[in-house]
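Structure first, commentary second.
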C-alpha cells in the first residue's frame, strides 16, 4: 500500500518541522507571552505563510503545551498553573482518570457518578482548551449548578422520591443507630484536625476539615453540597473519595463488623416488622422537614429537597412529577453534576498532598462510622426488650442501600435464612437524615 | 490561628453528636406518637388519602411493574 | 428501656440550657446584631467553649427565631420582615400550607401544581435558612424561570402540544362563547378596582387589579405569566387562587349554570360535529399566531409558545419533540414553577389583606365568566339557525378540560344521553385563546 | 392618582371585550374560510402532509395507547 | 344570523377608527418617539379616554408596525432596523418561513431542527413583541445555550451516544475517505473568499468565510458551534443552509457520484467486515479524545462531548445516562437549539445578500466534499490490496447516516444485492471526526 | 486588509487538509494497533468489562427492543 508511504513521509515532514520549532522556541520564549497577549487583545488576523501557519499550529497543540510548559498559563479560575502541573501533572491526572474509568467500568464502582466525574476530569486536564473557564463547557456547567449548590439538591430530591421510610417507621428506635454512625463524620473531623496539627503532611483549616469529614456520611449529594459550600477547592477529591468508598462499602465494612461482634450476636433474629399505614409514610417527610425548620434550619435545603421528593412520591397524586424526579431529571442532573465535579480534577488543584490526606481520612470516616453503628447496636441490644442484631448498626452509615445489603449478607453468612435486609433499611435511611443533620450542624458553625 | 484545631474539632464532635442524637431521639418519639394516633383515628381501612389506587407508587411495586414490562417484552421477543 | 432515660436526661439538660439562653438573650439583644455582622464580614472562625457553641447553636434554631423575632431580619428580597411575620405569621403560613396539602391530596385540588407550590411555601417560611434569597434553592429557581416569565411559557408550550382544536374547527362559531367568558377577567378587573376605591380593605393599583383579574381566565400559566409581569408581589396569592378555583370549577359552575337557564334550554341537543381535515388542524396554530402577530403582538409570547406546541403535535413529523413537550419537559418545569411560585408564599408577602381580596375577586371572576358564557350561549341560540345548548358557554372560562366535563355532566343530568362534551370543547379551547388575547390587551395597556 | 380606578377599569373592560370579540370573530371567519378552501382543494384523500401514519399523536389515541400498555402489563402480571 | 351583522358593524367601526388613526399619525410621528421613551422611563399609567385607548391600542398592533415602519425601532440586539426590514422584510421572512414549514413537513427536510428553527424565525419577526430581546423568550434561550455554545455540545453528546464506531473499527483505513470529504469545507472556504474578493456581491471576512465553510462538514451541531463562535450574525443562514442541504443529500450526491465513477467501479463488491471486539469500541472514544488533547485541543469541546456520549454508551454501566442523552436531554435541547437559532432569522439580519451567498457556498461545499470523497475512493482502490468501492467515499461528508444510505442505494442500483451500507458507515462516522478536526483547525487559526 | 482573502484561504486549505489527514492517518494506525493488541491479549471470551449483559445498548439492539415493545402492544391491541 503505497498510500501509506506517502502519508508517512508527510508525517515525518511534520515531525521534522515540529522539532525545528521546538529548537527555535527557546529564543522566542521571553518575547512570546506579551506578543500573544497583544495579538489576543487586538484579535486581528495577520497574514502568515504556510510555514508560519504550521509553526503557529504546532504551538497550539496539546503535545507542545505538555512538553514545553510555560510560566503564566492560567487555569479555569484564572490562577497560574505550575510547570509541573502543566506537564507531568497532566500525565499523572490522565493516569488517575484511566484508573477511575477502570474502577467504574470493570469493578462497578458507582459508575453513574464516577464515570462522568472522571470524564469531566479528563476534559478539565486538556491543555489550551480551557474547558473549565467561565466560557468552557465544564465552567458553564459548574456555574450553572455546582457553585450555587443547586444540582446536589436536585439529586437529593430524586433520592427522596426513591426512598421508602416504611422500614424505619415500622421500627422507629433503629433511627438511633443511624445517629451513632455519624460518629464517622465527627471522628474523622477530629482526625483531619489532628493530621493537620500533629503532622506537617497537610494543613487543613477547620472549614476544610469539616468539608472532608462529611465523607463519613456516605452520601454523595450531601458531600458535594457541603464541599461546595465550605471548601470548593477540595470538591474534586472529596467527591471522588466519597463515591469510591461508597463503592467499597462491601470491602470495608465486613471485617469491622465481625471484629466487634461475636457469633451469637450476629445470629440474633429480629422480630418481623409491623405493617406501616400509608398515612404514616405520607406524614413522615412533613414531620422531618418541620423538625428541621424548628431545630436546625441550616439543614433545610438538604432535608427540604429530600422531603419534597419523598412527599411527592408518598402523596400518590403527583406521580408524573415523582417519576420525573426519579428518572429524566435525576439523570440529566447526574450527567451535569458529574462533569461539573470533574472540572475540579485539574492537575494543579488535585495533585496536592491534601488529596492523599482526604483519601486517608475518608477511609477512617467509613470505618469509624461502621464501628460506632455496631457498638451502638450492641448497647441498644443490651437495653432493649426486643432483640436487636448489632450488625444492623453498620447500615447507619448510609450508602443507601448498599450498607443494608452488606449487613444482610454478613448476617445470613452467620445464620443462613436470617434476612436482616428490612431491619437494616431502618438505620440505613435514618443515616441519611443523620448525615443531613450533621451537615447542618457544621454549616451552622461556620456561618 | 491561636486556637487548637484538635481542641475545637473535639468540641464540634460533642456538639454535633449531641444534636444528631437529640434530633433523632425526638424523631423516634414523634414516629411512635404518630403511629399511635394514626392507628387509633385513621386505621388502614378509612384512609382519607387516595393512596389505595396509587399504591403502585411504592418503590418495590414500581420495580415489580418495571420487571413485568421487561419480562413481557423478553417473552415476546422469545416468541418471535 | 434505660437508654430512653439517658437520652431524656440529655434532652432535659439541653432544654434547661436553652431557657438560660433565652433569659440571657435580653442583655445581648442590643449588641448581637452588629456583632453578628462584623463576624459575618470577617468570616473568621473564633474559638468557643462547648457551652458557647451550644448557646450559639440555639440562636440558630428555627424555634428561637420564631419565639424571639428580631428587628432587622430580612426576607429573600432583602426587605425587613415584621416581628409578627417572623413569629405568628410563620405559624399561620404553615397552617395554610398544611391546608393546601390536604386540599391537594385528599380533595384532589390540582395537585400537580398546588403540591409543589405549597411545598415551596413551606420551605420559604423556614426561618434562618433564607431559601428564597438569591443563593437559596427557591431563589435560584425563581430567578431561573419565573422572574423572566420563561417557565409559564414552557408550560403553555406543553399545554399547546396536548390541545386538540378539532372540536373548535368543526364548529367555529362556538369560539365566541370563549370570548364572552372573558368577561370574568374584565368584570373582576372592575371589581378589584371597586374594592380598592370604595372600601378601605385593600389598595390595589390598576396594574395589580389587572394582574389579579387574569385569574378569571382560568388558565394557570397565563395567570402566572401576567402576575410575574405586572405584580410579582402578588404572584403567590394569585397562583394559589387560580389553581384553587380551577379545582373548584365543578362546585362553582353548576349552580350558576342552572340559575341562568331553564330546563328546555339545558335539554337542547346539538348537531353532530363534522369531521375535521387534518390539514385544518395543521394550519390552525399558524393562523392564530399570525393573527396575534398582526393584531395583538403583546400576546405573542403566550400564544407563540402555545401555537408552537400545537403545531409541533399536528405536524406529525416531530413526534420526539412534541412528546417531550408533553412529558419530561413539562414535568420538570412544573416542579420548578411550583417551587418558584411557592417562594412567594412567605408570611410577610402573603399574610396581607390583599390575599383575602384576591380570593374574593377570584371567586367573582369565575362566577362572572361562567355567567357571561351562559348568557352569550342563550343569545347565540336565539340568533343561530342550528340549536346551541347555552350550557356550553360555561366551558368558555377554560380550566381545560374540566369546565367542558362539568357542562357535559350538567347537560346529561337534565337529559340522559345528551353528550355535550365535544360541543363544549370548542368554547373551552377558544377560552384559552380568549384569555391570552385579554392578557395581551392588559399587557399592551401597561407597557 | 388623580384618576378613578373604577372609571379606568370600566374603559379597559370596554376595550378588552371589544378586542377579544373582534379577534375571535375574525378567527371564526378565517376558520370557516379555511375549511371551505381545504375541503375544495385538498379533500381528505390527497393530504400532502404525512399525518396519515402519525394520527397516533392525537391525544385520545395517545391515551388509548398508554391504556393498552398498562392493560398489557396488568394482564401479564395476572398471568404470573 | 343577525349576530354576525352586529359584530360586523363593530368591526367596521374599528376599521374606520384605525384609518383615522393612520391619517392623524403623520402629525404625531415626530413627537411620538421621545414621548414613548419618557413614558417608558416613568412607567406611570396616565388616564385615557376609550377613544385614546383604542388609538393607542392600534398603535401597538403588528399591522400598524408593518404598514407604518418608523425610524429608531430596534431589534433584539438593540440595533436599528431599516424601514424595509420592518415592513416588506417581515412579510418576506414570513413567506420564507412558511416555505421552510412546507419543506420540513411535506418534504421531510430534517424536520426535527428545521421546524423549531422556522418557528423561532416566525416569532422573531413578530413586530413590537421583541421576543429576541434579552427579556424575550427567544433571547433568553439564545443567551442560555447558544451564545455560549453550550447547546450544540449537548446535542453532539447525544449524537455520540447514538453513534456506533463498529464499522469504522472493522475497516480502519476507510477513515481516510472521511478525511478527503473535508475538502468540502476547505474548498468552500476558498470559494467564499473568492466570492468576496472577485465579485461585489458579498463581503465576507476570513472569519465569516470560515464559519460558512463548515457547512461542508454536513454536521448540524458543528456548524452551529462554529458559527456561534466565529460569526454569530450569520448563524441563522448557516444553520438553515446546513440542515437544508443535509436533507438534500439524496438529491445532491448521486449525480456527482455517477459522474466521477464508471459502472465497473460502482459494481465493486467489498469484503465482509470483521466482527469488532466490544473492548475496541469501549477504548475508541478515549483514543480519539486523547489524540485531540495532544494534537488539536481547540477541537476538545466538540470531540469531548461526542466522545463522552459514545463512551457512556459503550461502557454499558451507565445506561440510565446514555439513554437520557439520546432521548429526553437531546429532545429538550433540540427544541431550545432550534428556537434559539431561529431567533437569528430576523428580517434585518437574514435578508442580506450574504444569506444568498451562504446558500450558494453551501451547495458548493456539499458537492466538493462528495467529489473529493469519491476521488479519494478511486485513489485508495488503486493502491489497496482489497477492493474499495469508490462510492463509499461520498459517505465521508457525514450527514449521518443519510449519506451512507445514499451510497448503498446508488451501489445497489448498479449491482442489485451489493449492500454497501456497513462499508459506507465507516467513512460516514470518520467524516464526523474529520469535520470536528477541521473545525478545530479553523478555531485555532482565529484564536 | 492588506492581505488577499483567497491567498490566505488557500493556505488555510493546505494547513487544514494536512492536519485532517495526519490526524486521521494516525487514528487509522492506532485503530489497527489497538485491534492487534486487544485480539491478542483480550480475545472476545475474556473481556473484563461487563458488556456481555449490556450488549443491549447497541443502537440497533435498542431499536429492536423498542420495536418489540411496540409490536407487543400492537398485538395486544389487536387481540382486544
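Letters A, B, C, D, E and F name the chains as they come in the text, with residue numbers starting at 1 for each one.
The rule is short, and it goes like this: a contact is a pair of C-beta atoms (placed from the backbone, for glycine too) under 8 Å apart; a residue touches a chain by one contact, two chains touch by 3 or more.
Since we're looking at a predicted model, the values are computed, not measured.
Chemist: Farthest chain from chain F, going by mean C-alpha coordinates, please.
Modeler: Chain centre farthest from chain F's centre: C.
Chemist: Where the centre means the average of the CA atoms, what chain is farthest from chain E?
Modeler: B
Chemist: Out of A-F and E-F, which chain pair has the most contact pairs?
Modeler: E-F
Chemist: Could you work out how far the Cα centre of chain C sits from that of chain D, in whole Å?
Modeler: 23
Chemist: Using CA atom averages as chain centres, what separation in Å is found between chain B and chain E?
Modeler: Computed from C-alpha means, the inter-chain centre distance equals 48 Å.
Chemist: When the C-alpha atoms of chain B and chain C are each averaged to a single point, how far apart are the two points in Å?
Modeler: Distance between chain centres, rounded to whole Å: 30 Å.
Chemist: What are the residues of chain C that contact at least two other chains?
Modeler: As it turns out, chain C has residues touching two or more other chains at 45, 53, 57, 105, 108, 176, 206, 282, 295-296, 315-317, 328, 441, 445.
Chemist: Among all residues of chain F, which ones touch two or more of the remaining chains?
Modeler: Residues 8, 12, 15, 19, 21-22, 25-26, 49-50, 72.
Chemist: Quick check: in the complex, which residue numbers of chain D touch chain E?
Modeler: Listed in rising order, the residues of chain D that touch chain E are 2-3, 8, 11-12, 14-15, 18-19, 21-22, 25-26, 48-50.
Chemist: Taking the touch rule as given, give the residues of chain E at its contact with chain D in the complex, in rising order.
Modeler: Chain E residues touching chain D: 7, 10-11, 14, 45-50, 53-54, 57, 105-106, 108.
Chemist: Under the stated contact criterion, what part of chain C meets chain E in this complex?
Modeler: Contacts found on chain C: 148, 150, 153, 176, 206-207, 282, 286, 289-290, 292-298, 300-301, 304-305, 308, 311-312, 315-318, 320-321, 323-325, 328-329, 379-380, 383-385, 441, 444-447.
Chemist: Can you check the complex and tell me which residues of chain C touch chain D?
Modeler: 162-164, 168-169, 172-173, 175-176, 178-179, 182-183, 185-187, 189-190, 192-194, 196-198, 204, 206, 209-210, 275, 277-280, 282-284, 287-288, 291, 295-296, 313-317, 319, 322, 430, 433-434, 437-438, 441-442, 445
Chemist: Contact residues on chain C for chain A in the complex?
Modeler: For this pair, the touching residues of chain C are 1-3, 40, 45, 53, 57, 60-63, 65-66, 94, 98, 101, 104-105, 108, 111-112, 115-116, 119, 122-123, 125-129, 131, 135-137, 140, 328, 331-332, 334-335, 339.
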